[in-house]
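Structures incoming, each one as structure tokens.
What follows is chain A paired twice: with chain B in the first complex and chain C in the second.
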Partner chain A sequence: MDHVQIAEKVDEAAVFAWLKTYISNVLGMDQASIKGSDGLDSLGLDSALTTALAMDLETWLGVEIPLAILFEAETLDNIATGVAREAERQHATAG
Partner chain B sequence: MKTEQPDYGGSMAAVQYHYDVSRDFYRLWLDESLTYSSALWEGEDDTLAAAQQRKIDHHLREARADKAESLLDVGCGWGALVRKASSYSGLKRIVGLTLSEDQADNVRSFGIPQIEVRLESWTQHKPDRPYDSIISVGAFEHFAKPEDSREVKIETYRDFFATCSKWLTPGGRMSLQTFVYGTMRNEEASQFINEEIFPAADLPRLDEIAAAADGVMEVTYLVNHRLHYARTYDAWARNLRRRRDEAVKLVGETVTERYERYLKQTSIGFYTGKIGLLRISLRPTDRPVSETSRM
Partner chain C sequence: MLNRGDQIAHQMFQQAQLPGQPRQKVIDSPHLHKMQRMHFFLFDVLPILGTACAIVLLFFHPITTVDLTLFFVFWMLSGLGISIGYHRLFTHRSFKASAPVRAALGIFGSMAGQGGVISWTAMHRRHHELGDQEGDLHSPNLHGSGFSGKIKGFIHAHFTWMVAHPYPNVVHYAPDLLKDRVMIWVNRHYYTWIILGLLIPTVIGGLVSQSWMGALTGFLWGGMVRMFIVEQGIFALNSLCHLIGRRRFVTDDQSTNISWLAPFIFGESWHHNHHAFPGSASFGLAWYRIDPGYWVIRLLALFGQAWDIKVPTKEQIERREIRSA
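The block that comes next holds the complex of A and B.
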């Protein structure tokens, strides 16, 4: 991947904050109204917006995030956990 | 068969739009066999190449290729399936149909004498002898056009089943794999996918396939493997992203970006169930011997 700004240290909280900001921007929602128990689908992200989110998330993290991680999780909290774990795993593998 | 309509049963211009971008471009993100359809995955550590071969083996098994002398592949792509079929010593005659010149060239380049590749649609194909096995992977979804009514779609699919049934020997078997609309209504179908990626195609629905096969072919196996295709599309998306720089050199930034988005978005469509992936095994409905001997 080219010209990627790699996030220094990502934990669940950082991923959740990123998701909240991103979703509030694309859907024009108040950040405070987005909860960890919400799901991508229930918030109203269609497949085009979810595609953009997945690609931008990878660019932000500088690692590949299998879509399975986004879809095996029901809630934003669970997505944040899965994504942070995957990013950690890939950074560890890359040394 | 209504061969007088130039686009009936699959538009050549539409197929070439999608598949003749450049073989080298597809080579960047497909597996080495250039299989451009859903894999059949097993376990977490599976590889795309192994999962594609497993899918090919599934269709060869379902079409009973091990007992066959002749096999037809409708929509043979770059030839991974016909190539694998040529390893069956009993198979003396393997015919692949494609509408893409580039795909036909690739199959010819194998130089395998029992394989014949033909640049024609199933509506133009006139076999002089029946086949023991028919396989069609990723072609059925190109048969109907967006403007076709449900009745016209069913009629087209029924024509396909009747044609295949007529081409099969009495004990012959068919194995089919196709995209279908899942929880998505036709009119919700992403404009982006329909217009930019697969122009002039409309996906089938399970009920349309069932109605079309009714009385013509019996469905002996049917599964919706949408998560297998979700994983396949995501694997392709990640392959393309890894080799993005090479892709941009080959096809430019715009096409690369269009494919990145299409691969991810289609994967998401399968994950959410908006689209499905059916693998279906069929056999001709029993008929009198006098009928089966008349080709």
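The block that comes next holds the complex of A and C.
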């Protein structure tokens, strides 16, 4: 997955773009077919894959993401919002 | 010194590497630990209780041929599903198989209640990567020295590591399985296969005996007891086969061969041979060592259902042997 770079500034759109690329790579899906209204479950990510996604997302962002954000969100849009907010919060508290 | 299976696994690890910083390969999270505790209770503790019930019931109700047959058939199916499917095929790619055979092996393996095929594969590849070193999920050799350290290690490796453990990154450890539509489907329905594995012997037991008692003993012997026996066998690989027994090759881990266990766990207890040659479909490495898992792979090949079966040559085996000075 050599498309992954370390994130500098992340907003919702950046997280969503990352999710789209990641999921399409892992599941071999067409990127264009992945919508913000899709849920992880409906895309075919079970808890094992969701956990893997969380680990790689943490590496990319350089912050820890509580798994609950991913497991409890209904849609990719919700996840992008939650993750971007969490990353911003942690960056702010870090300095 | 890597054999072909290892080379492929190594390449997969490399490709999955992120360029920026080292990839996170395991995670500990309260959310996952909760799921693990639940799984442990349902599929590791309950079969022990079920087996105890089955034994107590023997005093009131003698075991029937139907019960024994159900036990034997479901023990074979789920045990071979783990040994041939989960272990030799999906984790180590030691042979190739058609889609129906992959699906069947994945489904039978799931019935053993040892985790979905993708999780199992990821965890077991990590075990081979770090055998008996820090990070190995179930090493009996990291719990202090002396007798008490060994006992603690045994209990951890055999059973208690499963209560709550670091969970591996499956995209890192099992990218090949994630590309296999058949296996994604099998993995997704893991709990369905477990339930079927318990329901089918229950229904058959009830129908054949035309009684509720028959359904109960079918459930106990074809479900609980066989789950318990298959589990204890596989747990023994993690505990005993890294503690006692014989070594023959130079390996980085402390794995051992325990010959007397082989007939009871489909040849898996040639575990040291397996650590020395993880890409080999044969664990016995010789025709005279009992290795039913390998024999069934050969049988599948006879019917054109398995091919590209990898086994090291005599020279490859000999040059890995420990040389006494």
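Just so we're on the same page, the second predicted complex is superposed on the first by the 89 of 95 C-alpha atoms of A that agree within 3 Å, B and C clash if a C-alpha of one lies under 4 Å from a C-alpha of the other, contacts with A are read in each partner's own complex, and residues count from 1 in each chain.
The rule is short, and it goes like this: a residue touches a chain if its C-beta (ideal position, glycine included) is under 8 Å from a C-beta of that chain, and two chains touch if they have at least 3 such contacts.
All figures in this text were calculated on a predicted structure; none of them were measured in a lab.
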item: Clash or fit, chain B versus chain C on superposed chain A; value: clash
item: Touched chain A residues, chain B compared with chain C; value: C
item: Touching partner for A:Leu67 - first (chain B), second (chain C), both, neither; value: both
item: Touching partner for A:Ser37 - first (chain B), second (chain C), both, neither; value: neither
item: Partner chain(s) touched by A:Thr21 [first = chain B, second = chain C, both, neither]; value: neither
item: Touching partner for A:Ser47 - first (chain B), second (chain C), both, neither; value: both
item: Touched partner set for A:Asp56, first chain B, second chain C, both or neither; value: second
item: Stretch of chain C penetrating chain B in the combined three-chain arrangement, among 22-30, 94-102, 292-300 or 310-318; value: 22-30
item: Set intersection of chain A contacts, chain C complex versus chain B complex; value: 1-2, 47-48, 51-52, 54-55, 58, 67-68, 71
item: Of chain B, residues touching chain A in the complex; value: 190, 192, 230-231, 234, 237-238, 241-242, 244-245, 260-261, 264-265, 267-269, 271-272, 274
item: Partner chain A, residues of chain C touching it in the complex; value: 16, 18-27, 29, 31-32, 35, 116, 118-119, 122, 167, 169-172, 175, 178-179, 184, 187-188
item: Touch list for chain A against partner chain B, complex; value: 1-2, 41, 47-48, 50-52, 54-55, 58, 64, 66-68, 70-71
item: Interfacial residue positions of chain A with respect to chain C in the complex; value: 1-2, 4-6, 26-28, 44, 46-49, 51-56, 58-60, 62, 67-68, 71
